[in-house]
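Two complexes come next, and they have one chain in common, chain A, joined by chain B in the first and chain C in the second.
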Partner chain A sequence: MFRPLFLIASLAASAAMADVAEVVGDHILPRHQAFAQAAEDLADAAEESCDPRELAPAFQSAYDGWMGIQHIRVGPVEEEGRGLAISFWPDPKAMGERAQRDLLQGDASRLQPDSFAQQSVAARGLTGLERLLYPTQPWPSDTCPLIRATASDLARLADELRNGWADGFGPLLLSAGETGNTRFLSQAEARQLLFTQVVTGLEYIKDQRLGRPLGSFDRPRPERAEAIASGRSLRNVALSLQAIREMVAALSGDATRTLAELDRAIELAEALADPVLAGTATPQGRLKVEILQQAVDAARQEALAELGPALGVTTGFNAMDGD
Partner chain B sequence: MKRRLASVLLSTALVATPALAADPAAVVSHYADMAQAEYTDSLQAARDLRAAVDRLIAEPSEETLAAARQAWLAARVPYQQTEVFRFGNPVVDDWEGRVNAWPLDEGLIDYVADGSAQNEENDLAGLNVIATPRFTLSGTDIDATRITPELISETLHEADGVEANVASGYHAIEFLLWGQDLNGTGPGAGQRPHTDFVQGEGCTGGNCDRRAAYLKAATDLLVSDLEEMVAAWSEGGEGREAVTADPQAGLLAMLTGMGSLSYGEQAGERMKLGLMLNDPEEEHDCFSDNTPNSHYYDGLGIRNVYLGTYARTDGTKLTGPSLADLVAEKDPEVDRQLRAELDASVSKLMEIKTAAEGGMAYDQMLQAGNAEGEALIMGAVDALVTQTASIERAVGVLGLSGLAVAGSDSLDNPTAVFQ
Partner chain C sequence: MATRRSFLAGLAALTLPMPSWADVGAPACLAAGKQGERFVLHGLSAAGQSLFAIDLPGRGHAAAAHPQRPLAVAFARRPGTFALVLDCLDGSVRHRLSPSEGRQFNGHGVFSADGRTLFTSEVVAEGSAGRIGIWDTDGFRRIGEWASGGIGPHDLKRRDDGSLIVANGGIATDPTDRSKLNIDSMRPNLTHLTADGHIAQLAELPPELSRNSIRHLALGRDGRVAFAMQWEGDPAEVVPLLGLWQPGQAPVLCPPRPAEAMRMRGYAGSIAMAANGLIAITSPRGGVVMIHDADGAHLATHARADICGAAPDGDGFLLTDGSGVMWSGDQTGLRLLSKDGPAWDNHLVALA
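Take a look at the complex of A and B:
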């Protein structure tokens, strides 16, 4: 399963498109490798023990790994609903919990790998595991088999992402503009795709991870923050910002203003002592989250103003254009 | 401000180009004509729906209910083709939530099956206004003893800042005509009986007078909302002005509508998500089982904008200067590919429609393990995703940098892009 790094290096060296090659070789592939490894470790740990306290560190590491790549919404993660199956959030209608309740009570054969992979995306992945490892209400039966099935399914998904990038989408991006590449007709198309991930990733942090709990001044919605049960709401923001920063640096070493804005946002996130963004409910705490949100938006605007022109591209359509 | 900036930047591209056979100004003007015609057809169909609803309320019977449902289905045909105008045109995007918002917590409006009106983020998901003339909303006492278009649009719609509180538009009316579809991923649509509208003795579901009043008010509101949009695209209207004042910005709005609807909205939010959840509630026209048509006419609308063609409800065909002409002049290969891809997505969406007409309801296609249904839906999803890349190429070919992505600063604040 493990893909030697020299293969990655040779991929990167093959094209005269340093920006795209650096992003793929130095950012995307190693971070997918890290996530796949962490997910495999989590699945191994779940085989050893189902005790939530013992599994928590491996779960947290796997979630960290996902935050390293979650801003990349194209390629293998778009196929077969993998992205949704790894993290299904928000879930206001509690579809995940309902589906898990059903899985815990019904036919146990659905927990077999092939069958489990066909279950609703809402029931699976990190969001599914979080509900099992950090329960906010009692489950109707022993959760151990479901924890194991979910962890193993997550490891499979992470492995497919890694391999999909190493063997498929990575080479496709790197051969942009070459004869036979019908997906990317020019190197600019490859750059545009990566640039769009930066802008969309920042937009997602601003509108979803921070915007949802902020709600409005009159009606703050702290309960809508991401990953509250596992205490990761703010950590997800900080890690995702760091990952996006790494991607920007790989795309263009000259995007100094964008990098500076990102550094500022990262600093603010790290200094904020509000792990689940509960402060959004109070005027003072809210102000701090709003300042962070503004910093994220400033980084996004700077990326549009500086990084895009440096790469000779503008943003393309993104998967979050919908309602 | 934003238009001027864009035009300054783009004027160099224009100067460098030899005389064009197809003129951007003529293309955006024809686009506005198409929008006007499509909203006019939608308005006429909504008026027909209102007449059918009036007959249903005056004389509830299986026949009048069936006729009202038929009128609703007919009204969806022109309206769905207008969805492509939504992204890229703020005048449409700001208005659209009133007429076509989805998904909805229908328990806000009327009775629902036990346990089905759940939404952790919506305290009003089970309010049932039809059965509740007085209630408290965010600390304010609401008098809903009279159900009026104003009550629906100003108080109920998006109440408590929750988007799932959809009180108006096509889907609210659809729910009142069909009721909940309780067949899961099995065949069959909603089964609301006509007796839900019978006044006095024989009334089922309770509060038939208030249900009739709600349906009437929601239908009146749909008509007046559509009147507003027809005006926006008529001579001097805001939508027409916005795209014709600066043809380059207008072309960008056209392509933005095509790309955003194809990818994030249609392929992603409406089609793939439902499939991945295997959830029939994620079906777009979930009460009526009209989803295959709704998807199909969305896709057709995307192609219409590129080709500059629209078949009106009365059968006449609108044609004129098109994006296709402009793209073909600059890069025939991109034009050829995009045309082929648009044809492919329309044909894949047609396959879903045909399969549904042949007996496999859209809910059934969503069922876990229905490989044939999954292939049908994913075939259309893939085609829509594929054409998005070519739409991006068309943007480049026409020299329209600074792609306007709905809700992003590249649209709201082009200075950020061009600084």
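Take a look at the complex of A and C:
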């Protein structure tokens, strides 16, 4: 009786480590590689041409690449403000646009790579490029130099994320619990970190990507949706859900209820014919977005109920219940 | 019929000093936590060792340590219907404090320097008007209360002159379930109460920061107040979560660069000031501790999941997280002190 039990326990332990390795190897690293490649292609395309129509496909691909990793909010992305420099949204005070106007009118040397990397995070990245490629109002001067500087800066950031994971944070996560690793003192801590990305990623979709345009019934705020100008508000939701689904599947093959809830949310997102979530302004359209939002929340709750216990972790003791 | 032995024992008892913190190992700080399904209060050394552990009936929030005797007052989480006076020598509950009719404890408390009085942050259950409860520690009888100067007081600290600094968080909560009732109209403030309970100074934040709840405090040797905030407004807005206050002057806010500030996720859970003036604020939601210089300028951010408890330790800090780990830290980094402890709760309470 004793022996088989012991065997099961040790198998479970090794399977758990394989989960972290799978997430890093099959999800995080390839997705970072894809984003870095797409951002590099965009920078190359911008050198060829500044014409927004010609650049749009490369911009859309790079944004797709970002949606493959945006739910991962730890590691190199949280250092040096990289995450915000790639996407500064929401931006309720229009800090990005103001900073870009200033860059367009001021000293052109600020567009040189070293100097540009020091400019406001709000002015840069995909959100900055979107305003230049899909302008909703005229800019005060030729935007071409700023487009090129922003695209090249974005490629640098994406490259730093990829290398940061491949050479630094990935190995750190995989050596969780080993002597000398003071960031992750056990394998459970590595699993907890990845699990937390699933939960907060779904929260972000629910509260920000869907919650901001929904506003309240009395005051819907369709203008607050993400990436309206480039027509990506709903696409971002769908792609991010797909990426989170891939991460959950790599974390635990047994989280069938969580995967089913995610599939349902993805299906709803793909079936919704409301690319910029403008329907949030009408009672009918709003209902559909709310149903999607509820499905995202159901997936989040299922992750907490099923996936967390399966991994032997919770979200933080203090993080979820402050005072 | 006194025997020689009982005579000597009686003599020893007469000359025995009152028990002190030294009798329980001279802890550097107290921390509540959860170990399995048990809630506990530990006394911890500056090296991260547990010196004693006492069972609590439920999840604790903060504790107040008697300045001399090994007594700790553990406050229940909000809405607090009780506080326990614990004898850290034997773990017994010496007194069970209930707030007056219609009042609720609101998380924190502090003893007077001579240990004869305990002050507790409280709210009137209906409306959350702030009160400071006053207790005589000889029997822990309630002897009165003062107005705290605002709504929803949370942390309070005692200055060397016996006056109090109160963080009136500004949030009115439902008396049964903690739900927040007045986010649109909240007006947090810092109040300086004289030793006899009069409002000497009261400072508010600029109107655009009225949703920045002032919740936790750390005092410097020079009398300066460092305060930590929790943002109840739009999470997309980057707001300062640390401020400095010299009563009589306007509070000074300490915003880090936006890219750093966002790592806190709008939430500072604890604050501590080291002997050299360094200030730490923690964010369990962002999984970071930020270290600032004495003027509030950001020096470093260190990542650690669910880090929250913070107490001064010489020129650095002691820090605890929800994974049962205790760290020492300063602007250069975090160093592991001990692990496998309970899931440490929000606060580390330094003994004076």
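The criterion applied here is as follows: the second predicted complex is superposed on the first by the 300 of 323 C-alpha atoms of A that agree within 3 Å, B and C clash if a C-alpha of one lies under 4 Å from a C-alpha of the other, contacts with A are read in each partner's own complex, and residues count from 1 in each chain.
Assume a contact is a pair of C-beta atoms (placed from the backbone, for glycine too) under 8 Å apart; a residue touches a chain by one contact, two chains touch by 3 or more.
All of these numbers come straight from a predicted model, not from anything done at the bench.
Engineer: Record, for the superposition on chain A, whether partners chain B and chain C clash or fit.
Structural biologist: clash
Engineer: Is A:Asp41 contacted by the first partner chain B, the second partner chain C, both or neither?
Structural biologist: Touch status of A:Asp41: no partner.
Engineer: If you stack the two complexes on chain A, which partner ends up touching A:Glu267: first (chain B), second (chain C), both, or neither?
Structural biologist: Once the two structures are laid over each other on A, A:Glu267 reaches no partner at all.
Engineer: Which partner, chain B or chain C, touches the larger number of chain A residues?
Structural biologist: On the superposition, B touches more of the residues of chain A.
Engineer: Would you check which partner chain A:Glu290 touches, where first means chain B only, second means chain C only, and both and neither mean what they say?
Structural biologist: neither
Engineer: Classify the contacts of A:Arg183 with the two partner chains as first (chain B alone), second (chain C alone), both, or neither.
Structural biologist: Touch partners of A:Arg183: chain B and chain C.
Engineer: For A:Gly81, select first, second, both or neither according to whether it touches chain B, chain C, the two together, or no partner.
Structural biologist: both
Engineer: Is A:Gly316 touching anything from chain B or chain C once the two structures are fitted on A? First, second, both or neither.
Structural biologist: Touch partners of A:Gly316: chain B and chain C.
Engineer: On the A-aligned overlay, A:Gln192 touches which partner chain: chain B = first, chain C = second, or both, or neither?
Structural biologist: Both partners.
Engineer: Taking the stated contact definition, name every residue in chain A that is touched by chain B in one complex and by chain C in the other, in rising order.
Structural biologist: 78, 81, 84-85, 90, 92-93, 120-122, 183, 185, 189, 192, 316-319, 322-323
Engineer: Quick one: which bits of chain B touch chain A in the complex? Just the residue numbers, please.
Structural biologist: Its residues touching chain A are 87, 102, 118-122, 138, 160-161, 163-164, 259-260, 262-266, 268-270, 272-273, 275-279, 281, 368-369, 385, 388-389, 391-393, 396, 401-403, 405-410, 413, 416-417, 419.
Engineer: Name, in rising order, each residue of chain C that touches chain A in their complex.
Structural biologist: Against chain A, chain C makes touches at 34, 61, 77-78, 107, 154, 215, 230, 234-237, 257-260, 262-263, 267, 269, 284-285, 287, 303-308, 321-323, 325, 334-336, 339, 343-346.
Engineer: Taking the complex as given, what residues does chain A use to touch chain C?
Structural biologist: Going by the criterion above, the answer is residues 74, 78, 80-81, 83-85, 89-93, 120-122, 182-183, 185, 189, 192-193, 196, 207-208, 316-319, 322-323.
Engineer: Show which residues of chain A lie in contact with chain B when the two form their complex.
Structural biologist: 78, 81, 84-85, 90, 92-95, 118-122, 183, 185, 188-189, 192, 199, 203, 215-216, 219, 221, 223-224, 300-301, 304-306, 308, 314-323
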